[in-house]
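To keep things simple, chains are lettered A, B, C and D as they appear, and every chain counts its residues starting from 1.
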Amino acid sequence: MTFRSQLKIRFGDIDRAGIVYYPRFMHYFHVAMEEFFINELNIQYHEVIDKHRIGLPTVHLETDFSKPFSYGDDIEVEVVVQNVGNTSITFGYRVFKQGDTQPRIVGHNVTVCLDMNTFKKMQIPGWLRERLEAQL
Amino acid sequence: MTFRSQLKIRFGDIDRAGIVYYPRFMHYFHVAMEEFFINELNIQYHEVIDKHRIGLPTVHLETDFSKPFSYGDDIEVEVVVQNVGNTSITFGYRVFKQGDTQPRIVGHNVTVCLDMNTFKKMQIPGWLRERLEAQL
Amino acid sequence: MTFRSQLKIRFGDIDRAGIVYYPRFMHYFHVAMEEFFINELNIQYHEVIDKHRIGLPTVHLETDFSKPFSYGDDIEVEVVVQNVGNTSITFGYRVFKQGDTQPRIVGHNVTVCLDMNTFKKMQIPGWLRERLEAQL
Amino acid sequence: MTFRSQLKIRFGDIDRAGIVYYPRFMHYFHVAMEEFFINELNIQYHEVIDKHRIGLPTVHLETDFSKPFSYGDDIEVEVVVQNVGNTSITFGYRVFKQGDTQPRIVGHNVTVCLDMNTFKKMQIPGWLRERLEAQL
């Protein structure tokens, strides 16, 4: 069973065209990733940053949007680990309207493991790699 | 002449009711304050934080909104210094649609001077106090 | 028992000073109000707008912030109805760190009942007044 | 000369890692596109939506981020028209730190021309196609 984060579209997420402002989906992806960390990887994302001093900035993203979302739609954001490289992690995302079988949005983000003290790339540490690979 | 920051309302600032989502005005206030620092106090706000290690968190705010703004409205956010206390600074804000003489939004924020290294209140340093008082 | 909405502070809610960017609290207030509508008033807020064509723009707000919040803090936003006028509704908000007995943020918003078709003030309709007054 | 929009990174655009929260770049892209419309296509984007009743939702985006931005960085967002299809327009974006010759972010968005009254795809109208093709 892949992980899904249940989110609600909020009043302020809507743009002048009456649909969700597309940058908000990048925010939803991040929120869902934060939920994925605590629910699936068994660590709070703020501990990754503040305690382990590891950052995961996005270096590449691709997203397809096939149908807009409106205020009042309840959504599910699916998060999967698609690849674990030496220093990079690729997260896959799909956004469903609750109850739908077809996603309306499909994307992935390549993130890179960063030492927050030096802001340099680093190898994914063993404890994190193990948990990520268990998701493949 | 009081300082005014020229801002544009953006496509993504609109809410489901078709007007500017009111938390965005608090963001506009902050943006206008950042412009006020460089234009009137002669220092970049990021230097205040990063170089002088001073933060100015809001501890009290009051705002009146008399008329909404729509996408396409160009606005002017007036910033004034209303009070300089021992550790606190009160900024006043008024938001005008360009060309209007009456503001649609009037508010003020009390901020407190914080030592960013200790996160404790501190006296406003002389160099900042001087520049602020010159605005009264 | 007053209503409380459980929210998480998100990675992107933090500002350059390392604490929650204060306009985000206005967003949290709105999110909590949306939750209050469905949980306490028994109607989705999007139905108020889209079906009943009623908007509730904020015309006055006051907020006190006594202590900042950081990434990783779980919060509870309490929502109460403080006043029901002829055309206005005042919502009270208090924000707690989970487990705390003292709120860190206390505020209220006066909103006005707006006919979304004409954008003119209107009397609060009976069905809504009843539900709001039951909360006083 | 390609069009560039001058933007400032704001205090509230920063995330817990101390760099610009990446969804903000999607917002910057949109802001730069709004500026591109008035400066290069000679029409306000809000007129496209409100007067011509045309929307341009993003259906595909790809972005590469090679270096993060910090608070205090002034940026230039370059906007070009990369392709004009029957119903789609592809905008290319590059984000530079002011003074740099190499962009830190390179991306493009495919948008689709939507009739805002029916929310159905439509052919790009002649007046808009002409202006877009003049940019190729």
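To be clear about the criterion, contacts are C-beta pairs under 8 Å (C-beta built on N, C-alpha and C of every residue); 3 or more make two chains touch, one makes a residue touch a chain.
Predicted, not measured: the structure shown is a model, and the values here were computed from it.
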{"item": "Which of B-C and A-B has more C-beta contact pairs", "value": "B-C"}
{"item": "Of all other chains, the one whose Cα centre sits farthest from chain B", "value": "A"}
{"item": "Whole-Å gap separating chain A and chain B, where each centre is the average of the chain's CA atoms", "value": "33"}
{"item": "Chain A and chain C, separation of their C-alpha mean positions in angstrom", "value": "28"}
{"item": "Centre-to-centre distance between chain C and chain B (centres being mean Cα positions), rounded to whole Å", "value": "23"}
{"item": "Interface hub residues of chain D, defined as touching at least two other chains", "value": "11-12, 16-17, 21, 23, 27, 30, 46, 49-50, 71"}
{"item": "Chain B residues within the chain C interface of the complex", "value": "16-17, 19, 21-24, 26-27, 30, 46, 49-50, 55, 57-66, 68, 114, 116, 119"}
{"item": "Chain B residues within the chain A interface of the complex", "value": "11-12, 14-18, 21, 23, 71"}
{"item": "Touch list for chain C against partner chain A, complex", "value": "8, 10-12, 27, 30-31, 34, 44-47, 49-50, 71-72"}
